[in-house]
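All chains are identified by letter, namely A, B, C and D, in their written order; residue positions are counted from 1 within each chain.
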Amino acid sequence: MTDLAATVHDIARQMQHCEDRGRLPDYIPALAAGDLSKFGIAVALNDGTVVTGGDSEVRFSIQSISKVFTLTLSLGLFGDAIWRRVGKEPSGSAFNSIVQLEYENGIPRNPFINAGAIAIADALLASHEPRETIGEILHFIRMVANDEEIAIDPVIARSETATGFKNFALANYLAACGNLRNAPERALGVYFHQCAITMNCVQLARAGRYLSNGGVDPVTLRPIISSARARRINALMLTCGQYDGSGEFAFRVGLPAKSGVGGGILCVVPHVGAVAVWSPGLNERGNSQLGSIALEELATRQRWSVFG
Amino acid sequence: MTDLAATVHDIARQMQHCEDRGRLPDYIPALAAGDLSKFGIAVALNDGTVVTGGDSEVRFSIQSISKVFTLTLSLGLFGDAIWRRVGKEPSGSAFNSIVQLEYENGIPRNPFINAGAIAIADALLASHEPRETIGEILHFIRMVANDEEIAIDPVIARSETATGFKNFALANYLAACGNLRNAPERALGVYFHQCAITMNCVQLARAGRYLSNGGVDPVTLRPIISSARARRINALMLTCGQYDGSGEFAFRVGLPAKSGVGGGILCVVPHVGAVAVWSPGLNERGNSQLGSIALEELATRQRWSVFG
Amino acid sequence: MTDLAATVHDIARQMQHCEDRGRLPDYIPALAAGDLSKFGIAVALNDGTVVTGGDSEVRFSIQSISKVFTLTLSLGLFGDAIWRRVGKEPSGSAFNSIVQLEYENGIPRNPFINAGAIAIADALLASHEPRETIGEILHFIRMVANDEEIAIDPVIARSETATGFKNFALANYLAACGNLRNAPERALGVYFHQCAITMNCVQLARAGRYLSNGGVDPVTLRPIISSARARRINALMLTCGQYDGSGEFAFRVGLPAKSGVGGGILCVVPHVGAVAVWSPGLNERGNSQLGSIALEELATRQRWSVFG
Amino acid sequence: MTDLAATVHDIARQMQHCEDRGRLPDYIPALAAGDLSKFGIAVALNDGTVVTGGDSEVRFSIQSISKVFTLTLSLGLFGDAIWRRVGKEPSGSAFNSIVQLEYENGIPRNPFINAGAIAIADALLASHEPRETIGEILHFIRMVANDEEIAIDPVIARSETATGFKNFALANYLAACGNLRNAPERALGVYFHQCAITMNCVQLARAGRYLSNGGVDPVTLRPIISSARARRINALMLTCGQYDGSGEFAFRVGLPAKSGVGGGILCVVPHVGAVAVWSPGLNERGNSQLGSIALEELATRQRWSVFG
């Protein structure tokens, strides 16, 4: 067993015994029923190796992690023009805050807060039908994960549509400011479905590997995005990927990462590979409680921090 | 001439011909008289090499760059207790905003906005006289720069004291919230003097090298701070070092850096060395216009981004 | 001709010659086509006299003035329980601001900002169909105006529905905070239709008279609401009736009044009667430019200010 | 005994038995030692009659009530030019909030929040010595109260100077925005002393009578200010006089009034007279708990609301 395998194994065991496992989100009914005892981890190295621990094959709703993939897609399609519609700065606010939108005239601070991701979903939608755009996103994620099994959970998509009032508020506010080209419910149709994509840690770690390898999938050698853009997505993940807990995460873990309220976190180790962790209990910032701890432990033991 | 020397030389020449050189800050009279034609750069590698270009030996007021050194000092003296008084998150606001302080009960978002640095100056002051603490800060900077010539410009210190109304407002607000142990004017006495320290690019690049080398000065081998803390200071510089332009800077340059309104920027290249640039014209976020461009160019050509 | 008639006549003539007539609101297409040359005024005294000037018989969209009537209705139906869902304080923000809602957990500051009126529309809706509630509101306004001709302009109602993104954002935000019992589009169905009621100055002045007469219509002697509640509605009109221009209006005019973006203002003179003015050009706070000036002139010449 | 005398007597007795007497302010040490059992009331009618109840002759610190008098003085000296430095709108925030100042570039929302009153103190100071201006304010208040005994409590003035960090923050912020002509500590010297003036209910009710009588003292017949300005000060008292509890107070009491954290409230009854109440326990908005209740009772029983 390699050192990495031993470390991953240790961490998975350690997480089993953690007392404080965070809280399930109560505002998306389909997620509120999660099992707090679960923890999974997968490390996909650029040499093709995949090391796993715990519930690494259990599928979960990727939620906001999908924003990394839609940002990648939109940069490929529209280039830097996308930055006219969303900013690049940390928001200093909760993930679903509408205050910043009002103060800054409908330009979301970054593509990883909900408002920013809705604006990107709207850009991807262009003049297509929501169903087509959802298909395109799913196709893209299957490609980068190299796995045709990845799918959308329709129960979760419906659950979010039925209860996503804050997201409806954000989308309508964007529309009021002229930062939405389609009807709010169409852009949200795309957004709710991208959030409802389910993946397991192995699939997710593989899907994130292009970001650690200059934009090229290290196994299929498929070029996904330019190396400059891969770098820049990593930068945004580091500064904005954990909502208003991004500073603390950079401080503790020191790696680009994006969390989702489904309890998953996708983390990029430049030049090395990608890591996915999952445990459904969230900390007070809305990021996976055990996932954050596990990544801190892994980064420390492997000396993977980008900060030296 | 090495590749690095050629790159630095190119950049210095290129900066000479830039048309848009930014604007001088008008609210500190002593800085408003700066010379927009100036540009300096120094790269101090961990092997001891120093490569320079332009006005690399002209001294300038380091201003907020001093916050990196006082944070280091305070972590050495008080350890993680300092985080009870300042946060670790990007502020999403301008460097001298008081709004965030009110909403968050007097805990500054991070140690690099003015309010955070004043709280740290107050912590360093403890029960000493301001003069002693100022001496201690200067002594520390001389040590990490390995240069006893570094000094404070008394004209600038007086100028800031006379016109620093927003800083007086911030310090008094901290006091009102119980986050200041000393009288506001005493904490500000320390703060205004640390900002008025003058250094040139060579001195500053040398002084920053411990952050790229696990907390140990790579030339004198003096241990300055633990490697974990050096990493964490780098993380804070990346997420918060350029005020509300930190996201854009991470996106473009991809390196930890701290700017000052004197026009300097100290930038850390983990495992490689430190870079100091200086040009007094500022961009709209209050960071050196040419300095930011030069660092982007340097990081791109040297492939120094931490993000791959 | 009485003094009042002379004054009203003078004011109407004076308003004809005003150069700065304000601006038409551009965000409701059906209102953007208004005729800036129009100005109407009607004073309905409690003795039954009605004095008019200018275009006092031209119908206009009452818009937010309807909030006075829905507040009256809801107080009659639900009593003080309504104050659990909306506050009584001036908002200090624009009429359609969503910031305050986020900071105060979905309780609108007062019933006269849009969010507050949407919450009241939702309360009136209870478990009825929107059509029934709209009918009830219309019936109430016809009763207080003693005029069965008053109707809803369907073109304006549709126009607001199609473009009212900020109101959709507000309603969804209320829903997200648990301060909406019905689906957002149902509450908004009521709200958009109440805003699209059209009245002329004579009808409106008559309709407001119960507020100047202890809650009893002075002509029909029909009791509309208790005198304590009539007083309290007047107080809210004075402190909150002109959005973030309420202080200035109280300062200049000194009377309770409610404005609408259709260019109307309903003004109450306690113990004396009610005044309606209309001119479609708005000042920078969103209140009728000429209407505000006319009321200041009228209150000053008649010594009607409640402040002495 | 007249009806009014009986009512005042009843209210004073009723207040003696109130259980919930509010809380003493803890941030001004000299006020924190107040006696919660106290309650005083005085009604000074324009015919010269004064009706009293409870501790109407006990002196207390008038605190923010002084802002009514300095506003009157400044309008007399500078006319409407004063409105370039302070606004006329309710703030929607706490009395010592600094947030609004930052968002509105250093123009306080109205003259009754602390920042506004500091700007007015600075205007009154002009180029005089603080001592002279304090003398002038005291002289004015003695004149309107027709009582040469009124004085400043030096212990309270010192206590506020020593602990008034938020006020120092506000004054420095005003200075930073160019809305202070004198050094912050000089403007605050005036402000802290005006707040430390002590008066009893009888003196205060007499002093406020000019506002109910068109700007002319009804007893001495001395003209204090024009009737238009008296009306406008009343309007500001109604919309802004109880900080972020102004709407609720207008709703319940329906009269212009200004409160102070010393537990006093000065209330104006247009055409009738002025009322002063005092009890040191404050409600959650910082206004006298019993004072507010007593005024509501008095206004209701005497039918004094300006709203009909």
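Things to note:
Here is the rule we go by: a contact is a pair of C-beta atoms (placed from the backbone, for glycine too) under 8 Å apart; a residue touches a chain by one contact, two chains touch by 3 or more.
Because the structure is a prediction, the values reported are computed rather than measured.
Among the other chains, the CA centroid farthest from that of chain A is the one of D.
Computed centre separation for the pair chain A/chain C is 47 angstrom, with centres defined by C-alpha atoms. Inter-chain spacing, taken between the CA centroids of chain A and chain D, is 55 Å. With centres taken as mean Cα positions, chain B sits 32 Å from chain A.
Counting partner chains per residue, chain C shows two or more touched chains at no residue at all.
Taken chain by chain, the contacts form a single closed ring in which each chain touches exactly two others. Two chains count as a pair here when they touch; such pairs are A-B, A-C, B-D, C-D.
Partner chain C is touched in their complex by these residues of chain A: 97-99, 101-103, 165-166, 168-170, 172-173, 175-176, 184.
Residues of chain B touching chain A in their complex: 87-93, 100, 109-110, 211-214, 227-228, 230-232, 234-236, 238-240, 244-248, 250-252, 254, 256, 268, 270-271, 300, 305-308.
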